[in-house]
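Got a structure here, written out as structure tokens. Questions coming.
First chain written, first letter: the chains are A, B, C and D, and each begins at residue 1.
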């Protein structure tokens, strides 16, 4: 009998809807010392770019009320090393891998997507469009429906696996961007990426982050994520991986009610390395409490 | 000798830079039972519309991690009552009044601005452009640079007092909107208004707010406000009234370093009715600690 | 009405998920009107951010001691339930308009109707009515037996009828079932009714007395921001005028049953 | 390395804004390597949200007792300083690579150099070195007299030189002033140097020993997220390879002085 927690995402079956969020779990090695990664529904790994990236200078993180800012800057070993070392290591676990890919030109993205989507344990690509597009004067791919749609089209052409487009919340009209990428063939959406924020140090009188601005994540952003998923899920047919401040089973259910079909947990891993298995355990009890047979019954139940 | 806390805003001199934020202080009556309103640098009163507004059904507020959502919906007695009853009552205090005005058509806004800007104790208008423009299919004035600029122009034509345009943070490019309204003659900016958010009740499985979505305020939004003020203050010459999560003197200084010339305190009044006078008292000590003669030295010091 | 700190003297469960906290502090001496509430900062810092409105349940003004009874619903009341003796709690109050009792005369008969965590304010009300020589009968409704509280203390003021949905104690059913011949509680038996509880209970009372000439009061709940009338979060439509509201935090929480639309 | 709860035994000031907390719990028995740190949840809930890295200062493994010494800087350490005996603190650890001491031989002379809240990890280090028969000399620098701590305890392990910026106690100046003829601490007098403290202090040591062949170790600080190597917040450029980083939380916090760029 099928598990009450199992969900379908663009043809991929997950044993449960919980995955660590990209950038908050490395490539899994660190947290594998805490628990068996096979208990996870999936794993979204750190953004992978064509070449090795050094990322930003430090400090790279700052705390905010109920949240945190990060400006890691896509540090990663690059496509070849990820394919040669990280993904094979992950293949020892019975867990689908969602590879988050990033770049500064469409060509970069395309090359990464083509190569990486052929790796056996890569179940899906998460297209991180919250990156500056050098060809378009650095405006981020994710803030313009046309640019986002074009990139999605190109990636779909080459990807052997479903493509989830990860939307930036720093936009006036997230629905128009969601529809544009759906139109362009996206198999699903990941939302939300981080909100742009900043903290200033009273002692130095300068920004805390070397990069000045950073991405806001954690509980503070949860209501913004819920609102955007609520708005988008009613306007698109493709599934949504919800994220933004999730740290408990209650949060997961709130995201499902808003319209998510699965969720990613990011910042909460830093506070409790066991948060993902804990949430997975707690979900069953919540389904009982709510008298729900399968968690899929809750998808969009807030507006259906 | 001039107070170290006194600031200049578009020709208006404030004895200190602290004012309660619009909608969080009514028209002052309630908090006048806690302290003498004359200690305040200014008072931003609840949004005033041409006609009486009933606002939204209840529940109108919900709590979020480190923040709150509100969907009051511009409930207010309307222009005539505000002019006849509220403003005269406030005139007993030695404190400049910033009147926040709202509407659904340019004509509404213009009529309110023209009449209310002639009232003696009205020092400035705060133009709330985070309202749906019925003529333009309900798109909010604040999300389009052209619409925002046109409205600003019209208000400037009729207003007898400086006009501060209150920007919505729910936009892709706040700098372009800030520049557009400056271009259109705005004397200053207020930022930020609330971020659109939502909470869903696990018991009812429906949104907590009767209006479904609401405006996020409180400490959670502070880093977003700081970032936007940082970006905008470097691109415009007009002064900025900063707001978003301020609850302490440290917060005020962080906003000044980012580029604010004065600040508004909203949600924090609900947690501590004495927060404004407390902040005003604490500021002096902070200036000493930082070895600063006048708080104006801190304006934009983070990037200057 | 002011902001102050009260010290926890005790804080212990009195029913399933329901706690009674005893607090002491000068501010308590202002708490003379039953039906008023406090806006409570359940913990320091921003988690939870907002204050929680909780009714005054009982007051000993001489010793500046206050009792509140609250049910653990979410984050705020959970944190409040963990406050041990000696901890200082930041409260704002007393707030709002309580139960009107000035007109009460000795010999009158008052019925107090409470449901769940609507029962607490009735204790302080009952005590003051009895002081005035008013006869008090209480009808208190709960879901099931382990949720019942205040039965004994109200019993010291006059007859108490308990109802439970599942009939595990007292009468199976709802509070209004009691207001009959059988219990000598037909409308002509009493002069005034004060109620506090869930909306369905208050609606039942409104339906019953809307068109009567009986003196009936209800205490309402609504999500609040400021608690002092400034934010307009807690409004409730008035009945007389079109387009007019009461603010539950300052005009209420207690209203005449014909004043408000439920 | 694991996540666990430790119980506060005591938590009291030892210098200006500096506290020493004593904790007990099974997890402590794993804390055998000086220089490692714990990632501490200073309070429950989301305020503060992130854990705080704090060095292990002293350990009694038999009784599973741990000491940490921390300065109140901001919200987290402030809340930690309010934790009373009996409170449970959520910690992650022991984390990172501590001070290398396996190669140490009896009769060697080790110099421990600490500045401000960089001093704490040197105590546990010194105790283990002395156990190995290594001669220990400590040089600890502070801003002014009321900031000095651990002078006596380090004194039980060997000579201790205190420096203060204002000269209010000990030698006026910085720690490196002590490493001279006058104090019998010229480089040929010692075999290894372990240091922990502010960047300017570590830079001074790096300038001095970068090109020498002396064995010198530094413990670094950086703002952290996960504390376990996953988030890449705490990186520090390596010296050998171009384009390569150490993660201070897992590859450090202790590094050979020629390994890292400061």
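By definition in this document, a residue touches a chain if its C-beta (ideal position, glycine included) is under 8 Å from a C-beta of that chain, and two chains touch if they have at least 3 such contacts.
The structure presented is a predicted model; accordingly, all values stated were derived computationally and were not measured.
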Chain labels contacting subunit A and also subunit B: C, D
For subunit A and subunit D, chains touching each: B, C
Busiest interface, counted in C-beta pairs: A-B
Euclidean distance of C-alpha centroids - subunit C vs subunit D, Å: 56
Intercentroid distance (Cα basis), subunit D paired with subunit B, Å: 47
Between subunit C and subunit B, distance of the C-alpha-averaged centres to the nearest whole Å: 37
Per-residue overlap in subunit A, given as positions that touch at least 2 other chains: 65-67, 218-219
Interface hub residues of subunit C, defined as touching at least two other chains: 46-47
Category of the chain touch graph - line, ring, star, complete, other: complete
Complex interface listing, subunit B residues touching subunit A: 64-67, 69, 143, 170-173, 195-200, 202, 205-207, 212-213, 216, 218-224, 226-227, 230, 245, 250, 253-254, 257-258, 290, 298, 301-302
Touch list for subunit B against partner subunit D, complex: 65-66
List of subunit D residues in touch with subunit C within their complex: 43, 45-47
Residues of subunit B touching subunit C in the complex: 23-26, 29-31, 33-34, 46, 52, 54-55, 58-63, 65-68, 70, 72, 75, 208, 218-219, 267, 269-274
Residue numbers on subunit D that touch subunit A, as the complex places them: 1, 3, 41, 46-51, 92, 222-236, 243, 245, 250
